[in-house]
Amino acid sequence: MEKIIIRQYKKPKLSSPVLIGGLPGIGNVGKIAADYLIDKFKMEKLADMFSQYFPPQVFIDEEGVARLVRNSIYYKKFRGKQDLLVLVGDFQGTTQEGQYEVSYAILEMLKQFGLSGVYTLGGYSTGKIVDEPRVLGAVTDPAMIEKLKESGVVFPKGEPGGGIVGSAGVILGMSSEMFSIGGACLMGETSGYFADPKGAREVVKVLKNLLNLDINLEDLDERTKQIEQITGRMQEEAQTRAQPKEDLGYFG
Amino acid sequence: MEKIIIRQYKKPKLSSPVLIGGLPGIGNVGKIAADYLIDKFKMEKLADMFSQYFPPQVFIDEEGVARLVRNSIYYKKFRGKQDLLVLVGDFQGTTQEGQYEVSYAILEMLKQFGLSGVYTLGGYSTGKIVDEPRVLGAVTDPAMIEKLKESGVVFPKGEPGGGIVGSAGVILGMSSEMFSIGGACLMGETSGYFADPKGAREVVKVLKNLLNLDINLEDLDERTKQIEQITGRMQEEAQTRAQPKEDLGYFG
Amino acid sequence: MEKIIIRQYKKPKLSSPVLIGGLPGIGNVGKIAADYLIDKFKMEKLADMFSQYFPPQVFIDEEGVARLVRNSIYYKKFRGKQDLLVLVGDFQGTTQEGQYEVSYAILEMLKQFGLSGVYTLGGYSTGKIVDEPRVLGAVTDPAMIEKLKESGVVFPKGEPGGGIVGSAGVILGMSSEMFSIGGACLMGETSGYFADPKGAREVVKVLKNLLNLDINLEDLDERTKQIEQITGRMQEEAQTRAQPKEDLGYFG
Amino acid sequence: MEKIIIRQYKKPKLSSPVLIGGLPGIGNVGKIAADYLIDKFKMEKLADMFSQYFPPQVFIDEEGVARLVRNSIYYKKFRGKQDLLVLVGDFQGTTQEGQYEVSYAILEMLKQFGLSGVYTLGGYSTGKIVDEPRVLGAVTDPAMIEKLKESGVVFPKGEPGGGIVGSAGVILGMSSEMFSIGGACLMGETSGYFADPKGAREVVKVLKNLLNLDINLEDLDERTKQIEQITGRMQEEAQTRAQPKEDLGYFG
């Protein structure tokens, strides 16, 4: 079999689309943010991707229906501004080779649409619960930094220290090196202990500013409040018990 | 060498055959059930499959004769109803890539016979000895659920929670996604602590109902009784000692 | 690069040669025996094999000269009887894929010489020091058993229980299944705790009988005596301390 | 995607260039030495190499700019003597296959320049802080030993005992076996506990002698002094606490 099988369902004409990548990772920040965009914009599915770089597994829904694990790409056409492509999925490639191959295949496939930029989303693990999560940035081109700062992104010196490992890093690095498409990685701070809508909310807020998206954050506000109630007690306990790790690597 | 080498011995004309997959897994439920079908129906060997996705190993029989490890497919022609194909073997593919490649190669090879459906068999680990094992189901098409329920399969909400990992999952998912063949996974409950004819018996009973097979369950009844005597004491001990795990993932 | 690179130095005309495989393994029994044949018969090098299935490593000799790790094949022409090919090397393939690919490449390369049989050598781990090591056998064809018994090989029922894992198993299994060449695996008993000339001596003795080789065992006798003096005390200690493992798997 | 992607930026005419390989390894001795040559000679970048044999990762600089991890080759033309090529990078290939493939790809690419020799640099782990680190050597051709000794290299019998594992070994072994280019591995002694300019200094000194390089060692002297002040106390502690390992393998 081919190592990656892409099923493309649609052939839309897209106008300078931006790709937003939100695969599972730390705190699932990227995935929550990307799923939120797909839901709010009622995006249409463009393609499914199956691969032996994903676990050999089916998921089963509430009814009992099985579906092979996959990555999927959704699209949304907007009037008068750049269109949107969003990558989501059940898994990142599970091996080093898989990370490169899956990321490359996605970019190679989307080349036909004339991508104008790539934003990969992820969580930035702080090891403790954060009251007001920041969104850290990394760019492929220093000229982008100012615009990102205006959209609420911070660039603390030397963070993340270990670079960005995983699909958020390699999609970004490849889009720049091999496809000459600039981009940025947006990392929402999260404790990393659970799926975290709070970090995701901040990432969506940045995207809203950056891409001038007409999107409200109400549902994420709501989920964030629920999480805060749950974590209120956890936080108190965590602050007395846990030793905060200061210089964590990052897995997007 | 080719990564998978298939030796096909026969070219039978089969009528809408159903594939039943029973590779080794939890409690060897699928393998015991599949071997039972091959034995009872005196099925003929269709093909052997060797692969570098299996361990580099020979097994040695009682006499001292070595044979390279493999998967094998058997067939049986029935009058007036769908024919049967059964997949058994020494191992599942041992890597993620191997799981996909082996499963794909089996389906690709069997395409020539016009498969009408795929049933993968497995064990569902309960972590404790079960008096009356149920058969859990997962389907590729919700329209199949009713017929499976009539054959004795249950569909408890949200089980198995982690989906189905391994050949029972990936053969099912691939047959649907890549070969447009519907199917189901039948998982017999088992403690998972030993090779378990009791769970296998229930799986064969479901197949008997579902495919209208003319097969008695006497030998499995007999082996089940033997196992029950052995496990009677184990069960008592286990119930006092072991902490039952409620929400186990599943490896078919 | 190609995954396996074979450098063949000679093109001898060989008469129904027998391949003897002695790669490193338990107690290095197979390797010691194979090296002994090469040394005693002053065999000539036929080919070197380099591969990414071996560790990325050079060995350095006493002088300081580095050489890339490899497998090598030697040959010896005899008058009036079958010629000899011996496989030795620094490593077995280190992965499952590597075991299959390396074994296949060796057999594929030697096909040109019209192999008449394959004997793989290995150690059979007893977990304790053995006074009079036996040579256990496994064959590809039951018709070979009698001849092997006459040469001193034993076939205890159900041993080795786990089959034969590694190159000794997979070369044997492949030669039979994929190249239609019969053969046997000869496993000299060894504690498995150190490189063991004693088990190797018994394996060479069997080969001498089986292939009617004109070879003396004096040097192996000598090395065996030295080892026995060293292990005399170890044996006493081991017998009081160690719990002998009865049903070990085998790695050739 | 291709497993290794080489981007060659220049097509210089080089005169019998020598390749010096300094990828990360024990004490980063090879990398520090190689980076020092690139810096001091203001070498120009010849090529970048990206690969799925490297971690799926971007590094981020002080500003916040991400770059995909890579290996790079630099060159320098000298008047009237052999030119210089230096290999540096973020990582060695991370798998066995990767080590072979990356090393092969580098040599294959540089074949066009008519390499006259290959020197791989590495650290030799002593497990304790060394006052006057030696540079150990291994060669592909015994005829080179004398010249290396004159340049300050030592060849202690039987060291390194486990051979040379990793890129320093496999580039050397391959250049000799597969490209017929002679060479040596130069291993600066280092404790292996931290990035060690002291061992690197000795390696650069040997290269200066060997290749008649017009290079001063002042900056390395300076960094060595700084490290010595830091390690002065560590050394005292280490000598009382740590059990020196005498016969360590080597990872270049």
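Each chain carries a letter (A, B, C and D) given by its place in the written order, and its residues are counted from 1.
The criterion applied here is as follows: a residue touches a chain if its C-beta (ideal position, glycine included) is under 8 Å from a C-beta of that chain, and two chains touch if they have at least 3 such contacts.
Computed from a prediction, not measured in an experiment: that's the story for all the values here.
Participant: Going by C-alpha centroids, which chain is farthest from chain C? Tell me that one.
Facilitator: A
Participant: Same or different: at the chain A/chain D interface, is the fraction of residue numbers used by both copies above or below half?
Facilitator: different
Participant: So, what's the distance in Å between the C-alpha centres of chain D and chain C?
Facilitator: Chain centroid spacing, chain C to chain D, equals 38 Å.
Participant: Taking the mean of the C-alpha atoms as each chain's centre, how many Å separate chain B from chain D?
Facilitator: 53
Participant: Which residues belonging to chain D are in contact with no fewer than two other chains?
Facilitator: Chain D, residues with two or more chain partners: not present.
Participant: Taking the touch definition from the header, please name the shape of the chain graph: line, ring, star, complete or other.
Facilitator: Looks like a ring, each chain touching just two neighbours.
Participant: Where on chain A is chain B touching in the complex?
Facilitator: Chain A reaches chain B through residues 1, 3, 5, 50-60, 62-69, 94-95.
Participant: Spell out the part of chain D that touches chain C in their complex, as residue ranges.
Facilitator: Touch list, chain D to chain C: 93, 96-97, 99-101, 103-105, 108, 137-142, 145, 155, 157-160, 163-167, 169-170, 172-174, 176-178, 185.
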